[in-house]
Amino acid sequence: MGRIVSSITDGKGFDLLLVGLTMVFLLALAGVPLVYNVVMSFQQVDMFNLSTFSRPFAGFSNYVEVVSQPEFWLIIRNTAIFVFGSIGGQFVFGFALALFFMLKFPFASTIRGLFLVSWVMPGLVVGALWGWILAGDFGVLNAILKGIGLIDNTMFWKSDPSLAIWAVTIANIWLGLAFNMMLLSVGLAGISQDLYEAAELDGANGFQRFSTITLPMMRSTIGAVLALGLIYTLQQFDLFPAITEGGPANSSNVAQYWAWQWSFQLFDFAKGATVSVMMLVFVLFASLVYVWSTRHEVRG
Amino acid sequence: MNRLPAPKLFLVLALGLAALYLFPLYWMYVTSLKGSSEIFANPPTFWPNDPDPSIYPETWARRTMATFLWNSLVIATGVTSLTVLLGTGCAYVLARYRSVWIDIGLFAILMLQVLPASVMITPLYVGFNQLGLLDYPRTAVILAAAGKAIPFYIVLVRATFMSVPRELEEAALVDGNSRWGAFFFIVLPLARNGILVLAILTFMQAFGEYIYSKSIITTQSLQPASVGLSGFLGPNSTDWNGIMAYAAIYVTPIVLVFVILQRRIVAGLTSGALK
Amino acid sequence: QEDVTITVWSIDGANQVGPSDTFSAEFNEMDNGINVEYRILQFDEIVNETLRAYATGNAPDIVSLDNPDFALFSSRGAFLDITEMAENSDVINTEAYFDGPLNSVMWDGKLYGVPKYTDTIGVFYNKDAFAEAGIENPPQTWAEFEEYARMLAEANEGMYGATISARGNEEGTFQFLPVIQMSGGGYENVNTEGAREWLSMVKGMIDDGVMSQDVLSLGQWDSTGTFNSGNAAMAISGPWEIDRMVEDAEFDWGVTLLPVFGEGDERSSALGGFNLGILSTTEHPEEAFEVLEYFVSQDDRLFPEFGYLPTRGDVELPPSGIAEKDAALEVFQEQLQYAQPRGPHPEWQKISKAIYDAEQAALTGQMTPEEALSQAQATIDTIIN
Amino acid sequence: MTAQIELQNVDKHYGTFHALKNIDLAIDKGSFVALVGPSGCGKSTLLRSIAGLESISSGTLKIAGETMNGVPPRKRDVAMVFQSYALYPHMTVERNLSYSLRLKGMSRADAKKKAEEVAKTTGLSELLHRFPRQLSGGQRQRVAMGRAIIRNPKAFLFDEPLSNLDASLRVQMRKEIRSLHDRLGATSVYVTHDQIEAMTMADYVVVMRNGVIEQRGRPLELYDFPANKFVAGFIGSPAMNFIASSIDASGTRLIFDEYSGESIALEQRLEPNRKVIAGIRPEFLRVASEAEANFHIEVGTVESTGSATYISSQDQMVTVVQSERTELKPNDRVGLKVDSARIHLFDAKTEARIVTDAG
Amino acid sequence: MTAQIELQNVDKHYGTFHALKNIDLAIDKGSFVALVGPSGCGKSTLLRSIAGLESISSGTLKIAGETMNGVPPRKRDVAMVFQSYALYPHMTVERNLSYSLRLKGMSRADAKKKAEEVAKTTGLSELLHRFPRQLSGGQRQRVAMGRAIIRNPKAFLFDEPLSNLDASLRVQMRKEIRSLHDRLGATSVYVTHDQIEAMTMADYVVVMRNGVIEQRGRPLELYDFPANKFVAGFIGSPAMNFIASSIDASGTRLIFDEYSGESIALEQRLEPNRKVIAGIRPEFLRVASEAEANFHIEVGTVESTGSATYISSQDQMVTVVQSERTELKPNDRVGLKVDSARIHLFDAKTEARIVTDAG
């Protein structure tokens, strides 16, 4: 007993306790549902057996059916555009802003604070707002673009199949920008000023300091931000019902919205689960990237 | 570095960027003040023809926003507390060591994030039902939402812990601290900025939590503001300026609080080793 | 003896007072040993929330569903069979209901609920714009509809010729299915010549800027909003718009029946509206039925108080005194006679998706109408068989 | 006296790197041990192992008689000054100093008073309210120092605590540390690169190389009787001059092979023809007249610190220290005299000291 | 010779703290300047200002004749060794070393070769593939050092670059730095606390105190003719002994007021009855027989480093250094002899040197 106590106050027990508690909680609240979904994707599900585990086994038939849907490949393509477009945009703009606000000028931090507005706004509101802004005829984005002469004809952001996925992506970039910027800012602030000084004396210009000091030192932050960005983007749901509903003709439909449609519009829970299990592949990839990025990270 | 050519110029640029970025927010306020058909006007009006601020008190009262916001606050506070409580220690341990087990742990935590809330809700609902948790719907929502928030929090706070020099913790141990003491009095204070930022981010996310609340909380007097808001978004009778007014009331206080807090957070952003 | 509590779920009461919330509250006041607990849900959510609640044993006693969703529950016995109760009831008289609405609450010859209210669609038109363009009568055929729309469109003044809702959800099907039906098809058989023609016509109008491309993403309410604000000369929509239009529209407007393909052709229109049903898991079927009876007994208040059309022929609609509104009501009541239900089919949602997907695919030009409709047909065939 | 700190067969590996090799060391209670050795030889590792910050790979570590393997640092009751200071950046100097006292439950007021006292001895009184980032390097080091000496632990571990201080401050701190040590009857292990510190402060000096203890002894013992060439060269500054030599055929003369065979009579007879290394401390070489000189060098550099003048040969092999300044210039040829009793002899192969009766 | 680095009226404030006060300093091209002074006097600040890492509050700073105020560090072309090392934690030793070369566009292979060379001179060859966190303190310092000397800049700035190295390595590095300096014809500013480094490496020594330059001169100049008591006490180790004294009524004898009025004849006549401070370096005091002794002390401590023995008085005021060991023990009373020509006199009030003809 005493050994356990002392291990908890001074030894490995402390670490195990901290990790263990959290892991148990997570397994219960995220692990079990995950398994439930995976199991469900191999079963026949209807409203009557929704709450039990024992359901008729369906083999891979759900997968076969999902893949043979005519919109399947379109949705894969859209998901890729949405995910990579969003992460790319959020990360690049977020990093640029984070760097910009690391400069010393009056009110820098206050103004940076304003950027967090997008994080504060509930997804529902953001979706509705962007739905308005991106509207074709009465949308303010078109009015502005026309006003400054960038476009002549109305752009039907939400209804033009070649624009729709980008419209949602733009809204999502706006939404996630603050998240990226803030986390990258925290990471940047953690780099010791010494290193920049040394690099500057070594003759590094701004860009070189960025690429040889900032980027590698931020590796774990960047890994975290990108991996989480990917997962977050894959879970981004609110914008779709509010802006395009995946339309027109699935041209802006993505996996997570499709999964929802299966489950909650078509009430085919098994297919919904199937699509969400397929999304695991994306996340698997993200997780690997992240864990890889932590391999070479530098402890302060 | 303190030899910038023109801080003023940066200030102007920063303000410009902020204005650009905040345009949707402006649009929310403006839309809330417009008449219901002016909203559809083509071309759109940048300032309402006939601003009507009475929409705010009206919406506040009609939508029983006080109750909704209170519930949001309760849920957000609960989620944030639980997340910080469970996530911080775990993140610290995952930052402290470097081994295959840590990699596996991180990997598992990320994988647990995979499913969107909209897909998770069915199994959670079923589970909570069996445990009888549906009778305490706000608690159930707090648990579910924390399960979603914790992995995020861990991964990000871990990055903060990485920047706390190991030697400081060692010094604390030699000074007579237990692992707990060193963790609480040395490591935590040094990582507090990251933790604070993430706690705030978690709070804000939880404040807008929608999917779980919607399904789990069936009693209107316990529902958070997001569910209250979704009540407007029907197919045929959409009161857009009301929605925007609601959203404005919903968002404004947090924005203000945040901008104020932000200054404090960044004011103390001085970590890193000292030789 | 303790009060019995009956829970009622519906989408009413979110934006303005609706029948279910009002009647629930009233019933609750009566203090007759039955409490009614009312919960508002969102349109998009009500079916799956009910499903989940049903599956886990937390279902409400009474739920109000959109009529095509009703069969999903009744076909699986999730609704209580009230055939006998209705026969013995003084309030509910199944004969009085219109066929369409009544069909949607029947399954296998049994009654699983009562229609709550109904609606349908017609064409709203801007009389001022018509006058200006020198058009005397509203369009009677789709050909006229297109011709007039092209005449009325003023691209540089922000005026479209017409607007509809071809959104990728039930609303799209709601407006497109009547076209299929009036060209001789039905939900089982969507690839009709008329439907193909109609799709090409609308596509042409969109391409030429006579109709906004946004009809692909606008719901009916938003689409009609552009009509109200004077940005479209015609709009296909339903009676729920009337009150707003009376208030907002700064022009003279009228309503006409949905056009047909050729003069004298079969008419059709959408049948909208909600039904009420008692879930089979209820512990208090009698009390729930009592509540249901109360709701039905208040049907005469539906139009005057809430602007909804009743589902029964035996309810009088007193004139409101607003000329445009009364005229519109008359048209819609006529239109209702041609209204055809969607389904009923337990997998209606999948069928509906096939239909609106086809419409969208054709209108965006991703497929020809022929391809789109035959793909939809293929999908529907696998669902039905 | 009992051993306060005792290491038995201690090994430490960093991955594949063997940082401490079979260390056996007993440090008596109350004694002051200086740990010296070239950079990277494992001094910090040894201290950190004693403190419990590194787990040792094998062997036994005892403090005050108790086995400490696996005991957490806080239960070992040692105070340590880190080579990298490890100041708490979020605490003022005062709180850095008083932190450990507060942990032990001392009242705020008492701890503050104690901190002020320590600040006085370390010259930090003015800086009590600064944060570490606002201090100069030496000031930081003094805080690190103060943080250790404020306590009354079983043992003090100092890792180069004075390296960033100027000479006079260093002299003062040296006295301070030693008198504190005596006052508390503490046991101290002190890592330093400063010869004077090691020689004047310590009761014992331990010389390490590559994770191995090369010699352990009283300071002058090491100076006078270094066990091998390494220790001889390491102790004393400037370092001992080493000249490859051999014993002549009679075993009585030492021949400086590298200096055109010049030779000197030995005090004692040694094995004839043996190859040896002659070690002569710079301070025992004297510039001498042609008559007296034992061997000759060409002058390479002449440097003077004021009190001492260093004359090095061109080949950098031989250095002479003298207290008088000199007129010698590079390239001058000069004769050097050495007292043969002052010559250390090491085996050319093993580099071990050749023990003669004379010592 | 032209001034390579020139500071005119340079001031630096940290908030309200005045860290550099009206610094005027010109450093000739090719010269090696040692910067010394007590901890916290502003040495690092001065270096950082030259490097451009701190903006100076007022005054002008020129490098190679060009005004540098506001010019970013990388355009100043100086190399600096940081007191805190500032190694790039994410790069191996090799990449740390070659970083600046790669920035200048040198090919990977060449940079690597250069890094290997430098690693050899700094003794890091074995460690090229380690990361800084895997190095000992001294090894890190050597990397910092190597990073500077790999370049060929307008000026080298060294901030205590050898403080964590052991004596022999230090001697070696000292030579290395100086010969590199000579080879490149570079200009170097070198902060150090090590007297020997300052005296033997530098062409000029600058002594600072509290942000002010107290004296500047050739090493032996400072040693022999310190401008004031502070410099006299600072230069030379162990430090000069100061004895409060006065001139007798005739102006020809110096009376040691603190030593029961014992006195010594002056070389020169001075203002009678003047209060002065007599400064005598420990190495110029000699334990003497009763007959010879100029004054007497009670022995406090006797310490020996082997080559030198320090005898301090009980009141800690007087220290004697001698190369022979001694039998003296604490509490012995001992007579000391001093050569009156070796006595430095400072005004008791201003502490400035009293200039006599004798110097």
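Here are a few things to note about the model shown:
Read from first to last, the chains carry the letters A, B, C, D and E; within each, the first residue is number 1.
By definition in this document, a residue touches a chain if its C-beta (ideal position, glycine included) is under 8 Å from a C-beta of that chain, and two chains touch if they have at least 3 such contacts.
Here's who's who by UniProt: A, B = Sugar ABC transporter permease; D, E = ABC transporter ATP-binding protein.
In this text the structure is predicted, and so the values were computed from the model without any measurement.
Hopping across touching chains, the smallest step count from subunit A to subunit E is 1.
Most remote from subunit D, judged by the distance between CA-atom centroids, is C.
More inter-chain C-beta contacts link the pair A-C than the other of A-D and A-C.
Here the CA centre of subunit A is 15 Å from the CA centre of subunit B.
If each chain is reduced to the centroid of its CA atoms, subunit C and subunit D end up 93 Å from each other. One finds 57 Å separating the Cα centroids of subunit B and subunit D. Across the assembly, subunit E contributes residues 52, 72, 83-84 that each touch 2 or more other chains. Counting partners per residue, subunit B has 2, 39-43, 122, 126, 129, 165, 178-179, 230, 233, 270-275 as the residues that reach two or more other chains. For subunit A, the set of residues touching two or more other chains reads 9-11, 50-51, 137-138, 192, 263-264, 298-300. By the touch rule above, subunit C contacts subunit A in their complex via residues 44-45, 47-48, 51-52, 54-57, 72, 76, 78, 158, 160, 166-169, 212-217, 226, 229, 231, 347, 349-350, 353, 357, 360-361, 363-366, 375. Of all the residues in subunit B, the ones that touch subunit C in their complex are 36-43, 122, 125-126, 129, 134, 214-215, 218-220, 230-239, 242.
For subunit A in complex with subunit D, the touching residues are 6, 9-11.
Here subunit A touches subunit E in the complex through residues 192, 194-195, 197-205, 208, 212-213, 216-217, 219, 296, 298-300, going by the rule given at the top.
By the touch rule above, subunit A contacts subunit B in their complex via residues 9-11, 14-15, 17-19, 21-23, 25-34, 36-37, 50-51, 97, 100-101, 103-126, 128-130, 132-133, 137-140, 143, 146, 174, 177, 179, 182-183, 185-187, 189-193, 196, 220-221, 224, 227-228, 231-232, 234-235, 237-238, 256, 259-260, 263-264, 269, 272-273, 276, 279-280, 283-284, 286-288, 290-291, 294-295, 297-300.
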